Amino acid sequence: MSMVCLREYEDYARKHLPKAVWDFWAAGADDCHTREENILAFKRIRLRPRMLCDVSVIDTRTTVLGTEISFPLGIAPSAFHCLAWHDGELSTARASGAMNVCYITSTNSTYSVEEIADAAPNGLHWLQLYVFRERKLSEQLVRRAEAAGYKALVLTVDAPLVGKRRADIRNNFQLPPHLKVKNFDGLFEESNGSKEYGMPANTFDLSVTWKDIHWLQSLTHLPIIIKGILTKEDAELALKHGVHGIIVSNHGGRQLDGVSATIDALSEVVDAVQGKIEVYLDSGIRTGSDILKALALGAKCVFIGRPALWGLTYKGEEGLREVLKMLRDEFHLSMALAGCRNISEINKSLIHLSKL
Amino acid sequence: MSMVCLREYEDYARKHLPKAVWDFWAAGADDCHTREENILAFKRIRLRPRMLCDVSVIDTRTTVLGTEISFPLGIAPSAFHCLAWHDGELSTARASGAMNVCYITSTNSTYSVEEIADAAPNGLHWLQLYVFRERKLSEQLVRRAEAAGYKALVLTVDAPLVGKRRADIRNNFQLPPHLKVKNFDGLFEESNGSKEYGMPANTFDLSVTWKDIHWLQSLTHLPIIIKGILTKEDAELALKHGVHGIIVSNHGGRQLDGVSATIDALSEVVDAVQGKIEVYLDSGIRTGSDILKALALGAKCVFIGRPALWGLTYKGEEGLREVLKMLRDEFHLSMALAGCRNISEINKSLIHLSKL
Amino acid sequence: MSMVCLREYEDYARKHLPKAVWDFWAAGADDCHTREENILAFKRIRLRPRMLCDVSVIDTRTTVLGTEISFPLGIAPSAFHCLAWHDGELSTARASGAMNVCYITSTNSTYSVEEIADAAPNGLHWLQLYVFRERKLSEQLVRRAEAAGYKALVLTVDAPLVGKRRADIRNNFQLPPHLKVKNFDGLFEESNGSKEYGMPANTFDLSVTWKDIHWLQSLTHLPIIIKGILTKEDAELALKHGVHGIIVSNHGGRQLDGVSATIDALSEVVDAVQGKIEVYLDSGIRTGSDILKALALGAKCVFIGRPALWGLTYKGEEGLREVLKMLRDEFHLSMALAGCRNISEINKSLIHLSKL
Amino acid sequence: MSMVCLREYEDYARKHLPKAVWDFWAAGADDCHTREENILAFKRIRLRPRMLCDVSVIDTRTTVLGTEISFPLGIAPSAFHCLAWHDGELSTARASGAMNVCYITSTNSTYSVEEIADAAPNGLHWLQLYVFRERKLSEQLVRRAEAAGYKALVLTVDAPLVGKRRADIRNNFQLPPHLKVKNFDGLFEESNGSKEYGMPANTFDLSVTWKDIHWLQSLTHLPIIIKGILTKEDAELALKHGVHGIIVSNHGGRQLDGVSATIDALSEVVDAVQGKIEVYLDSGIRTGSDILKALALGAKCVFIGRPALWGLTYKGEEGLREVLKMLRDEFHLSMALAGCRNISEINKSLIHLSKL
């Protein structure tokens, strides 16, 4: 069967994944209001397309932090790709590399940063980070990422604690014994305490503040991106603390239920940074026209989480390539039908702002 | 069985057409949000009817580009009427002529412009056009339309590429072998490449811009109408380039999903042209009160696409005449109940503008 | 079984009436949007109740045109009560009289104005009128109403033609042969033409204008009320033409589909008349709190149509008395819980106006 | 089975309680619009979470009228806990005491004020009051509450009459013979009249006004809280009459249907009192993030009604402790994910006010 839209990959994954794995990725926090809003908010936005613009040549290329990508979409970090496909993150890296998009690998990967980088040596890789209570762990991971050629660090700031995802609690979701968080292989073996998703409880440092951004900057020459900002106040702080980018994210609706859809929070953040750093967005992208809307409202690039996992579940590298290609083709078509020949022609005039 | 409302013709068509044909006409792009909005937006508009106006004589007649029609509704261009009824566009032409409404024939008709004109010699015919990569094709078609007595050219500007209609992709929809796009009979026979709806891929010119309006004007004395405008910016450009009319259209929700309902975009276009050219609307007309709403918001005439095909599917010429008569009768009744005795009495005061 | 709310009478009527009769009364025009809005708009209004007001004595009495009624609700005109109960309007008159509310009898009653008046000699009766093409018919009816003790004339102005009620067309709804519009008994016997609800087509005068109000005033000393006004413009004209009251009505959503809910149109009319004449409302009253909302927004009294017929269907006079008593009790309770001891304490401060 | 969210306790209670008891607690007035709005209004509010705030230590403690509680939630008064669990209010008192939250006991309890106080001698107890027609009854109850160590009196002002709860009428709901309103044991035995929920009709004084607040103040040194205020006008009167607190409440949607959700009315009351007295809220709390929203909009503490009864139904004291613990844990997590380390950091900037 040939897939026609992202929802068909979702249906496939729902049908073929073990229930607890499906639930783990599908989960939103609490009542899942924010998870649903992420989708609905995109659909409420009305486009203002322009006609007769000579769309014989459409250029979907753009850059993130100066590196060219084939279109303004990348892979958001998500844990444990081996639950979707036997060689997990290796397939993700190969598909991303082949499609020339940015892949943000998760700290909680089932392959190590080195293995992932090696799988697609020419790919654009960023590494998602948490701050560990034991700072040395973070430090080592940063050094390894640098050595392996990662181009940026993405600090997740919206998850000092894990959101309450009811299905995971009901399922008592655990990483199966044959899988490991490979970046810390052996490190936590001795621990006898309860583990949360493969790592001991109390691993993360809840005391992190903006000052720790300076600590992180002191460790590395890599640009630092903050993931999980939803307000202008935090956007201004990010700017003040010298970060290189912001991902407007609500963690796919998995953390604090009741926060805005990311596309609804985007303008506030974009206005606050005044073009001084790049602003990205994840959560809720399901069609090419969603990408167009996010860019029109000021995002430099968007990232997909669950849809990447659906593609991976379907056919590994090939499945994810299909998903990426479908989104690129839909985005290309949306640009043409909106009268945009290249990324620089996408701006706010495409949006009915009074209906936001 | 006697039909009472347009939805019953729709139900008949859904039940009697081959699935792929039904899907082809019913399809919207992507998630079909705009297709649905076209209907819902009409239903959100609240009317302000006036009483005690002497409605003993109601005159529904109006004009389009100076020609009188029996009421302000016409047939929007749609492809391949022979899929609905054995003599397709000939029945459409006869029904339109009999009801004295304007019929915009599609370039992609299963009868030629001459055959259609001959079927209703006294009918008001406009011809819908694309700009072909091979300009000669467009040129020849324009000359033939002039010779056959067509009164205006309607240039479709919102379809440089075909919108992503999922059902058509799933169905691999193709014009059946016994049918042809008759306007180009024999012309594309030699082509071995893949065909899109009966014509070779790459037939259309994606590089068309507003300058090509001047090229088209140089070919013909016929008035030129632009179909597919949704913004004031493009309405102003249309005015500047000397077109004679605008059809506010989103192609029935079949092109860029996420654009506004046409009735929501109408006011912006009407305000931009300041009465200097006529503004029409298609997409979403299902009852006589929808026509009243569109005229109150500034449309000179509206056009129906799918409902015409439902009528044609039901009983050919007779079925379409029924549909047109039903809409005329409903519009007549709506005028009477709103206190409007003739078209000139229909204006913005009929609408609760604060609820738009 | 004892009934607890109006919906239970509705359910009873739906179950026990012949389908065509149920459909006739339940029908809205076209897609029934306005019929549904009449209900929904009430439910969107938010009340602001006041506490600690000494509600030991609640007085629900008010007046209409100077006559005291037990609470601000009456019976709106509706046709053919004998379809609901064997002695139809006689039961309606007796129940209304017993409950001391105003009964607006329909011209299209299955008992004559005299019979209805005789059934409840002490009741408050108003007569609903159309203007007939043959003015003598209207004139005679006015004289008979005066003689029979009717206290006001209610001119329906929103029905020069009958709205398009699909179910009635499908059912080919007709008054059964054993029933007659008794006010014109024998008058139309000779007519062989098609009849609409018991009277020949072309009976009504579609040319009626505000000038005819003066003609009606010249015939009678009775106060004249206009039923079917929805705009400030018409409210001002009503004032200018010396009418004594306005019923804000959309005919239960049975005429022009797409007009506002009456409760949404009420404020505009109330503001326009500036207290110079009484403003009433019908359409959408289903609970006592709906009455409270309508009075808070400026209505002097409300009228029920379908709910009266449900009560009549259930148990004739007794059933309608139950319905009236239930609404009076609910209104009494709503007043107490909102902190209103009498009608004069009900005002706009009870309503969250910013949420309208 | 382990419960994951409050809804699961609700499902358990729906399944295990006798229908009439379930209906009694679940009931809203009339169409239950306000009961539903209480929930929906919380879900419409969008949070603005802050990041990187050092949430290693979260302090959920606060005070009500100067007394420390473990988190800003308490038990709202509700009748007849023995219908949920064999030792009813005793379990409620023990669970509340163990969790260090405030328990507002209902006058209509199935244990006496003394028995309840004795069950949790260190617990924080407030007593909910009605004003009885026979003032001596209220007076005696006040004295007993003082003697038993109750710390405040909560006067219910929104229930001079009982709202129309359809299910209770259908079920003819009565307190079963083996249960009694223990605070008046023996007092009403001689009465032969119909009883409403265990007490004779006409027990309550409907004539209560603000002046009676002074009477109540003259009886006691205890602080007086008014429960059931929804408007700024009444909030100002409360302030003027020297009350110590206001509970913004609509009685769980059980009194006047159509009033605002409490969370929508909160700001109006908070603004009116200008911080001079404490403002609480009940109705609609179902998750920890609801508590966060209420506090952000100015509530000092919230109270739960039905959820407490669900917990009690599930496992008595243990079940209610689970419910309280779940809400405390969810609130703790919500604070952490919103970036609030203690109660004083929760303020309006957490809320998208433009979306209210």
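For reference, chains read A, B, C and D in written order, and residue numbers begin at 1 within each chain.
One rule holds for everything that comes next: contacts are C-beta pairs under 8 Å (C-beta built on N, C-alpha and C of every residue); 3 or more make two chains touch, one makes a residue touch a chain.
Since this is a predicted model, take the numbers as computed values, not measurements.
K.L.:
Can you give the shortest number of steps from chain A to chain C, where adjacent chains in the path must touch?
P.N.:
The fewest touching-chain steps linking chain A to chain C number 2.
K.L.:
Since chain A and chain B are copies that touch, is their contact same (over half of the numbers shared) or different (under half)?
P.N.:
Different residues, largely: of all residue numbers at this interface, under half are found in both copies.
K.L.:
Rounded to a whole Å, what is the gap between the Cα centroids of chain B and chain D?
P.N.:
Taking the average C-alpha coordinate of chain B and of chain D, the gap between them is 60 Å.
K.L.:
Mind checking the centre-to-centre distance between chain B and chain C? Centres are C-alpha means, answer in whole Å.
P.N.:
43
K.L.:
By the touch rule stated above, which residues of chain A touch at least two different other chains?
P.N.:
In chain A, nothing touches at least two other chains.
K.L.:
Chain pairs in touch?
P.N.:
Touch list across chains, by label: A-B, A-D, B-C, C-D.
K.L.:
Enumerate the contact residues on chain A facing chain D in the complex.
P.N.:
30-31, 33, 157-158, 160-161, 163-164, 166, 169-170, 205-210, 212-213, 226, 228-231, 233-234, 237, 255-260, 264
K.L.:
Quick one: in the complex, what on chain D touches chain A?
P.N.:
Its residues touching chain A are 2, 4-5, 43, 45-56, 287, 289, 293, 330, 333-334, 336-338, 349, 352.
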